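In what comes next, subunit A is part of two complexes: it sits with subunit B in the first one and with subunit C in the second one.
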Partner chain A sequence: MVNGFSSIALLCTIAAPDVLRPRKATVTSAAIRSQAKSPFAPFQRDLPRIPELVPNISTRTRDTYAMTVREGLAEVLPGFQTPIYGYDGVYPGPLIRAKKGREVVVRQTNALPFDTNVHLHGGYVPAAHDGHPMDVIAAGGSFDYHYPNEQDAATLWYHDHAHGRTSKTLYYGLVSMYLLEDELETELGLPQGEFDVPLVLADHAFNKDGSFRYAENVDIGFRGDTLLVNGAISPRMAVQRRRYRLRFLNASNARSYALRLGNARAMVQIAGDGGLLSRPVPRTNIPLHPAERVEVVIDFSQYGPGEELTLYNVDTEAGGGTTPIMRFDIQGGKASEDFRVPTRLRDPEPLPAPTVRRRWDLALGSAAWQINGLSWDPNRIDVRPRLGSTEVWTFVNNSGRVHPMHLHGFLFRVLERTSGPVELADRLGWKDTVGVLPNETVTVLAWFAPYKGKYVFHCHALEHADKAMMLQMEIV
Partner chain B sequence: MRAPLSAVALAATALAFPAVAVAEVKVQAVDGTNVWSQTEVRIKVGETVTWSFAGTATPHNVQGKTPAAWDTFKSEVAVAGPDRSFTFQQPGTYRYICFLHESTMFGDVFVSDETGAPPPPPPPPPLSEQPFANDTPPLTSVEVRDTVVPTLDRVKATRVDRGVRVRFRLSEAGKVTVKLTRGKRVVRTRTVEVAKGTGSLSLRGLKAGSYRVQVSAKDLAGNAAKAASRARVTVRR
Partner chain C sequence: MRTDRSRLRRPGMAAAVAALAVAGIIGGVGVAGARENRTIFSVENGIKDKCFSNTEKTTCETGERADLTIRTGDTVVWNFKNANGMPHNAASKSSTPANKAWNERGPKKDGITDIQAGGTTSWTFGEEGEYQFFCSVHPTMVGTITVEGEPVETPEPTPTEEPEETPTEEPEETPTFSATPSPSPRATASPDDHLNTPAPGKVAKADTTAPRFQQLRAKTVREGAKLNFWISEPATLQVSARRKGSKRTLTTATLHVGLGTRSVVLRSKSLRAKGTYTIEYRAVDAMANKSLAGTTTLKVK
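Moving on, here comes the complex of A and B:
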């Protein structure tokens, strides 16, 4: 049934409006048919919208959700059922929309045959609810995660973090978005509802029976030959002639992207990992390393009905099926809109002066990935920053691989990097993950607030994190 | 069908070179594509295989994968590390990998018994283990733009009570601009978004006098209609 609908929709799109008819001579129907035969052909499916989870209890100050982490099936390749692990059995998992100042409680029940846990990536969360790699929910058990949501609006996401298994469990689907909203966003009048679109990017490969194919590569990390956006192969999205807010998440194991619209058309970045930037930044090429998020506003009102605009991955590793990300098909009809991107978005907070400098050497050891010559050991505390202080951390990459370094529970600002000037957009906002390029040194200013306790920091290339590029910090 | 054929071929090879006994086989790690120089090594019981890393620039190692009892065989991850050897005492099929590049750096050692009878070939992998590669060709079009110029015709300007009414036809949805000039001064400009087809636009509240009316149009993608039409209208009190 789903197939039938999508193929009808496909025909409609190919039958371009009158204004584009002169192109007909070059695109024959036979060419279109032969292209449509490959299940991997891009732009065949409409962009799936991520389902939004409804709270089962809502009080004046708190929303309570319940979710089951279980196995499921997804139709990724047309005509095939792909086995996945999923929050509520879907990929990507259901979206949670939270409001600043309103607590969210998520009861996670583990229906998988092995341990799992849930890490809210980018959130200010007390240590007991952060999803520490050793803090797991046993098979058949459940746990109530409390998220205070006392931070500014940001695009967060949640995923499995049980140690040693994340490269497989995230690959097989334990990935989902968590959108935290606040009043400032409403005041700014940013696009909402159907014009605010979360997009989960991930690269995958397939077996002949349609299942996800995973091949472990501890050196470079997993690379798939096909790009999925919200679980569909390079989909297309019908857009009205107005502005859209697009929230990109790189949920790939280890692939970096560089987002670029066809003919380098303009995108305006308004937010990064840690929420709104202090002012919008026009960009044509946006690098996106694993676990990073960017939010852009694209103005489709400057395009005519029937026009098609493609978003590309122009990273040096991109090729074949990993180049086209998605396509925007401009619809006809009138769309009236008053919104303009404001020139100022959010005032930066004043920070205390840094008290400590620390250096972290990232390298491949004799048997595993290491930070300062150390691999993950849950019984060892590697660093003890003081609560409320700021520290200057320098990541020195002594390897030929990208290491997206991520701090649990805390945010940082990027101060400098040796590969060139820090992108303006990265200087104007908070980050929780920074891609340290091969043989590069990146310096960040981390702020250890607001919670005490044991957290970890690690490389978010999942094969590196599993083996075992992760250290433990205790905020005292 | 394939398995018996290769078994026949193997038997034929063994008959063709009955006297040649390979004492030691060398497998070289290859950078760049990250592969082993040999992915199939055929030896007899008691012979030795050596894995060499000479001249490599990326870190590798060699270790046993299957059977499970063989995974104790493991060398250190290193750049251009020392050679590592193993002497096989039991017939069977042994898989070796590089820990860092398991997806590409793997191979099998087929150890036959003293008589030279090859071990039974492993069964073909199920569909759930065979790759289904994405073979879509690279995209050719970067974007599809509307470059068709709209036609604006049947423009008629008529006098109405203290104003001007302009009628027109536009071949697609777009924006129509009407400009009134009196002498050299622009008196009034108005732009409206219109659907495809005929439309009209009235400009009122004008003083008596003679006006030049210019009508131009663009489609929604910004393509301008070819010639702007002109007309002259005299408004009376």
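Moving on, here comes the complex of A and C:
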């Protein structure tokens, strides 16, 4: 049913790409089910800011936090309370702001009736703290995750990774941001504080009682008919006439986005999954596959007070409630600001020459989704790269679905893809997840440093990962 | 078997019905003499090739569908053995004349329970008519069951067998965890099989107590203003500051703190100028209980 809506609206999108102004009577499940007096419309709520977690103990070298993984209630629809699973019962969970070279310890206590664990996505984390699918915290237990933060600034995120149920637990709310900062960022003078805005995108659907509606679809993955940004339906955000740093995370189960401002206004991308690019890249259309992050700087001083600038999702699957992402409402006055986006951001690191080439065929096999004909088996090691080496990995997608391929614990550079030239921004920075399009082949150069041990790599379309598009690697 | 059958209409007898249905297939024993079981197979061979079929096989004919004509009282068993690991179901699409029980069959409310890779599901048809079914995950998999004959009483129609999938076992050792998990009162006694994940909203205890603050004080620090306080439970805090008497907000922050004695810093250059500021704060807990908004005063000399 959900997909029915999308395909109808999709026709409209193709017919009139610049008439994307959302109709007032956009029909979504939220609209129908919340039984609001007026039809549901986007931009009714102010963008919620994700709460920043305050450390329990701060020493010179370490911040210690504690959270409980538990049920909570979120206010997503006006007049309804939506049951969620959340870190400390919050959706999206409290964000952690970490500094390079300063250790973070997070005590996670599991108050859910089933196993959970926490994966720091994009982080260089020792194997024992990475959130391997079989390293779980049993119901009632707790575990101290140690994050060394020995890597350059990047927008990371943390989420549940207990084997076999991530499509449900992330959908129900076990998702949050982890912003790693460093001195280079401060030197560059990038916007800070309230001008540095993390944005968690996820598509959802609702039941009549306001609860999240989930229907499993292992083939295409979950598609909701309503977009949430930081837990609010296509919200609005009041902005001053100055530059903002916006950090987008695609926390959807399986939906891909393409970010585009109204009238194709420019956004300047400064960072991807693995932190700052070597130089900024102006873009008008930014594809964002599940688990990917992009950071952009938008200059709102070019707009007049009272103007409204809308950010749309123009992915081919978007339509109805999944087209408008959010709106920026430009405030009066002119904020004083010296900041300009520097022309150079970060020097690329020299890498050792690759020693091995490997090919990974992504397809439906004899048992659900597979990589090279294999499904997840925790008792099998599928590949053993050497510590400190680089390897050329080729992902060959033999299916009609997007597979966002993600390596735990390590970063890679995208070398080439058969669908066209690699986006400049993807060539200028590190990534940890790459969307392999239907029938496409993508080649990446992965660097297996700095830790030894058992990690996994998998498709980040969560229904695919759960069933069981995931292999195990051991760095030796 | 007869004694069992007399109790079939009671809810909760689903398992018994399933057992009966299976006994029917395996042993070829018709229930109550005239009643028959007919089987429809799923055919699944990757993304392009999937259908329902009257015969067990691995490749579909072009446009193949499963159409059956049966007598009232017969049971149709959908066998998802050939599922290729993909989830399938036999959801009701429509029926002529409309049959309430069939139409309500689903896809079930949460969309999950009747979807399975492997296993079987079955339905006993008691009334004449045409019954359309499809796989709600793969809507091109379709079929029609034409039922002829006098109406007969049917057992409670919920026989769904467990999938054949083998549960992944929990590893015996959890080598990486320093803390020994102590079972909580809510913890399930059996090991977690990772196959079922309930929707949220069933576990958390009712909580109508809003977070409470004690001994809240504001003071000036280098970065802006610092609030020291004691709070009764973990909560998300909205803090904002304005000049006393002014309505314009200078800065806001959204923070999350654990219970106990805590301090948070409101970072803003605009809080360094000499004068008196009003700081407003409000807390909300995990179960959406909000404290009343409180204010405190900050004097910068």
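Going forward, the second predicted complex is superposed on the first by the 435 of 476 C-alpha atoms of A that agree within 3 Å, B and C clash if a C-alpha of one lies under 4 Å from a C-alpha of the other, contacts with A are read in each partner's own complex, and residues count from 1 in each chain.
By our rule, contacts are C-beta pairs under 8 Å (C-beta built on N, C-alpha and C of every residue); 3 or more make two chains touch, one makes a residue touch a chain.
Quantities reported herein were computed from a predicted structural model and do not represent experimental measurements.
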Fit-or-clash call for subunit B and subunit C when the two complexes are aligned on subunit A: clash
Subunit B versus subunit C as contact partner of A:Asn217, first or second or both or neither: both
Subunit B versus subunit C as contact partner of A:Ala205, first or second or both or neither: first
Which of subunit B and subunit C A:Leu364 touches, first, second, both or neither: both
Contacts of A:Tyr85 with subunit B and subunit C, given as first, second, both or neither: second
First, second, both or neither for A:Thr155, with subunit B first and subunit C second: neither
Subunit B versus subunit C as contact partner of A:Gly72, first or second or both or neither: second
Touched partner set for A:Ala138, first subunit B, second subunit C, both or neither: second
Which superposed partner A:Gly320 touches (first subunit B, second subunit C, both, neither): first
When both partners are placed on the shared chain, which of subunit B and subunit C touches more of subunit A: C
Shared contact residues on subunit A - subunit B and subunit C: 211, 215-219, 364-367, 400
Residues of subunit C defined as touching subunit A within the complex: 46-47, 84-87, 107, 110-112, 115, 117, 137-138, 168, 170-171, 174-184, 186-188, 192, 194-195, 197-204, 234, 236-237, 251-258, 260, 262-264, 267-268, 285-288
Of subunit A, residues touching subunit C in the complex: 48-54, 56, 66, 68, 70-75, 81, 83-86, 88-90, 94, 110-115, 127-129, 132, 134-144, 162-165, 168-169, 172-173, 193-194, 211-212, 214-219, 363-368, 375, 378, 399-401, 467
Footprint of subunit A on subunit B - complex, ascending: 34, 58-59, 76-78, 99-104, 126-139, 141-146, 148, 172-173, 193, 219-223
Subunit B-touching residues of subunit A, taken from the complex the two chains share: 16, 18-23, 38, 40-42, 77, 205-211, 213, 215-219, 225-226, 241, 262-263, 265, 302-310, 319-321, 323-324, 332, 334, 364-367, 400
